[in-house]
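A short write-up of the structure that comes next.
Order as written gives the chain letters A, B, C and D; numbering starts at 1 within each chain.
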């Protein structure tokens, strides 16, 4: 398969079942919404080292939020409901409770997951519970007034680790195309790209020569190791970059992969884009497989 | 004491000794420098919940960095050298190793603290050690080439928790003045403001009616609790905000406090700025005391 | 007079009467509001060369705009009502009519000044007039629907050329302080700073050795000409920068000057801020005089 | 022709010969580079109303600029060399000479076009001429030191008005796809998109029912006029947006058109992208024709 002169390998991305939720953070204005969301979703690139993968799904206009203020939808992914609850509560406590003028709401139906339940004790007994229909909220007194936090959010089974790899002539050319692709994908609903700027350059293989380590550099895709290892890349490839996608469901991941790959391919070989492939472990580890050719069909 | 019509209370900020380091991250261009630094310093508002307090000290022009590329100086603070080492290595692994085109260097002399020592094993034996003078670097093969990471960085005894509080007429007016103050303070060397946007509205007191909790809302500064508690704020105060400052040394903290308070006071009572005070625990807990009147002298 | 170790010269800023209006631009979201406003207020640093001085006063939340969408308040200044009308209409035609999803409203009471009256003919007869109370709007069919533009806006007599000069040790230190000051001043209502980034470094004197030119470089404040001309600056001064302020009334200008000077002075001599002065022509040309000492009282 | 479910009409974009130059602006840091470039290229959407079409081609790293500082390449287009000279000199005088720490250089070989020749007289006789090889520079004393401006720049025959139109289901969906496309195209060399945010929604036809006006709304593409005029768009089309591209040569325009159209099509009908067409006047007015099917071949 070939798009705009770029070869699409006949392979698949292997992805994993995770637990996920969406929360909505609002604040006085767009800047303070961003401060809270960026702090809260920082250092959340991989469940391995951070316990959580998180990112901004999209900013919301006031008419799209529960309290009519500017807001943001944040998606959070973890390996289990218990892990999700733990990290969600800690991050709300550190990054949202602390942030001037913010409030937090559930943004997803699903299995009830404690959210404001943990933060409320910060109120030292002065907190107040409020019921709107079936939704319970905590109002916790703070120095700028009250922090409103919904008691629970909903969680669903979701997809972690959708991905594609871009084979490029140079790091610079590959990143130019990927910056545009990330921009396009960031407009797709239901997904996040948890790595810095949406791109990861330290792809890994399972296992290592060091016994204690479960994973190590994916030498088959390292340009500097082409002569030393069983390489998957030709001499014209100077850089490989991966986009990892977490999504609320397989369709969202699939759509985002298509949009990202199409955008990268819009740059073509003249702009240093040589091929597209995907990362998998032979298909035995993950619950989901995304065939590149099917995704792009 | 009074600046531009704003009362400066005769009190002091109480701060704590911490361990800190500065690292320098470089990348292909300013955007990718920012992606790495923002991800790495996210969710690092307080050592209590995050293990680390971290932030961007300043962006660096190419002529100011070891490899002549655009860069950023990041400051990281923890309660001990051991904690600092643990979180530094984990965050480099999750947020810098992963980020396209980045390299990491020590930015501070001081007690040697492992940095690249942990990340290097990701290279699966293909990593290469390189010595420039007395500085050792690891070159770890990755998909976009090599990740260069200095083996160690230096750590020093530093100051955590310098602070001042702004008493304002409304949250909006208080934040307008503080946005300008944060902008001014962000230009001061040797310090970071670890909370979202540099401001925290959930000030806390020691202790709680819930036995398990070591701290709870600072009810004496909560406007909604004025009638219910022994309040420190008058009826004209609608919002209180705190700026927390971590610095490499007391002088840096003191200078930044002065700059921030002066800038807030530039807005004056007409723009809703009513008073300045500071947070302390009576002076028995922290190793440092910053008298507001001395800082502003 | 002295603030935080910085000498405030006993002089005054001389300013001029101009005609001004405020318009409100709204759009689908904050990004498109910004695209329109930044394009419309670009190249509007000085009436001499651009015919217009214009800038963003502040961004507006949806509840602050006539159509409940995100918006921006833009201020425009010209030497006469006729000039103001001409440039306002041309800039709306080039930068707002063209910009996806925008609408434009009057943001000021005052003498009626044609606004949508010019643009409406673009509708080729398909435009529709609509009256809400006493306000008339034109609805002009365009490719994304309709461009709504209020027929007239209000103009008032206003102040152009309020200013202060910062004497600094180096360009870099002076700009650091001024960046913070511009951030603080940009939160003040009723004013704009029309030069790039709010600062001008090419201060001018009246007259030139070239007969055709009405103005030329202000050699008395040029550090490189200290030995060649009758200089106003000492050997410790490495850079002088000016902030020019246009405001809807003298009080707005005066308040903004105070806020800017106070913020610059917060940096102090240790950060390279040595003195504050102001630009005037002896007091015979302009209708307004702003004494620095009175402004800061 | 069809890309990802989006119909590409078999038509062509008609474009015009213009005169163009590239200049390079440098400054102390990226922020001040941006202030100068954004001010200088503001209000330059169309030669009809602004005399000039201008935009940022790309930001430059220090190693890519003549003086080793951060910079930006700006492209400027006008209908004749005389017009280009006039507007170039005026804009440099208003937006670059004024902007702290900037310098300006020629960025293109071609017919010599006066640039610093006009600005130098501001120096009031204190300006100094300097020759590097065959390039002459003016050093003009200003308050922050010296403004360095190359005496001339080069101009070439270029292309104005390359374009494509996107037929979308709604304004919001069409803009989401176009925001990504503009991001992709902004990475292409040799071109600018002069309209706000790169997009124009007020497409025009030649002529008007008002005799004095040479152009008026392109009613055939206005969704609200579908029943009243000889419409080119079906009932499923809720918004039409145009991207206009000026380029240094036809190849640059063609490549950018392909990249933009491919990126828009990556969104597909599910995301509201229904068709692509282009604007022309039958082929009799412009010197260039860009067939959509050839551009995308």
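Rule of thumb we're sticking to: a residue touches a chain if its C-beta (ideal position, glycine included) is under 8 Å from a C-beta of that chain, and two chains touch if they have at least 3 such contacts.
Since this is a predicted model, take the numbers as computed values, not measurements.
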A-C or A-D, whichever has more C-beta pairs in contact: A-D
Inter-copy rotation, chain C to chain D, in degrees (Cα atoms; steps of 5): 180
Between chain C and chain D, centroid-to-centroid distance (C-alpha), Å: 26
Separation of chain A from chain D, taking each centre as the mean of its C-alpha atoms, in whole Å: 35
Centroid spacing, where centroids are CA-atom means, of chain A and chain C in whole angstrom: 42
Residue numbers of chain A (touch at least two other chains): 179
Graph class of chain-chain contacts, one of line, ring, star, complete, other: complete
Chain D-facing residues of chain A, complex: 4, 176-177, 179-180, 183-184, 187-188, 255, 258-259, 262-263, 265-268, 270-271
Residues of chain D that touch chain C when the two form their complex: 28, 31-32, 35-36, 38-46, 49-50, 90-91, 93-95, 97-101, 121-126, 140-147, 165, 171-172, 174-175, 179, 195-197, 199-204, 208-210, 213, 216-219, 221-225, 228-229, 238-242
Complex interface listing, chain D residues touching chain B: 29-30, 59, 61-63, 68, 70
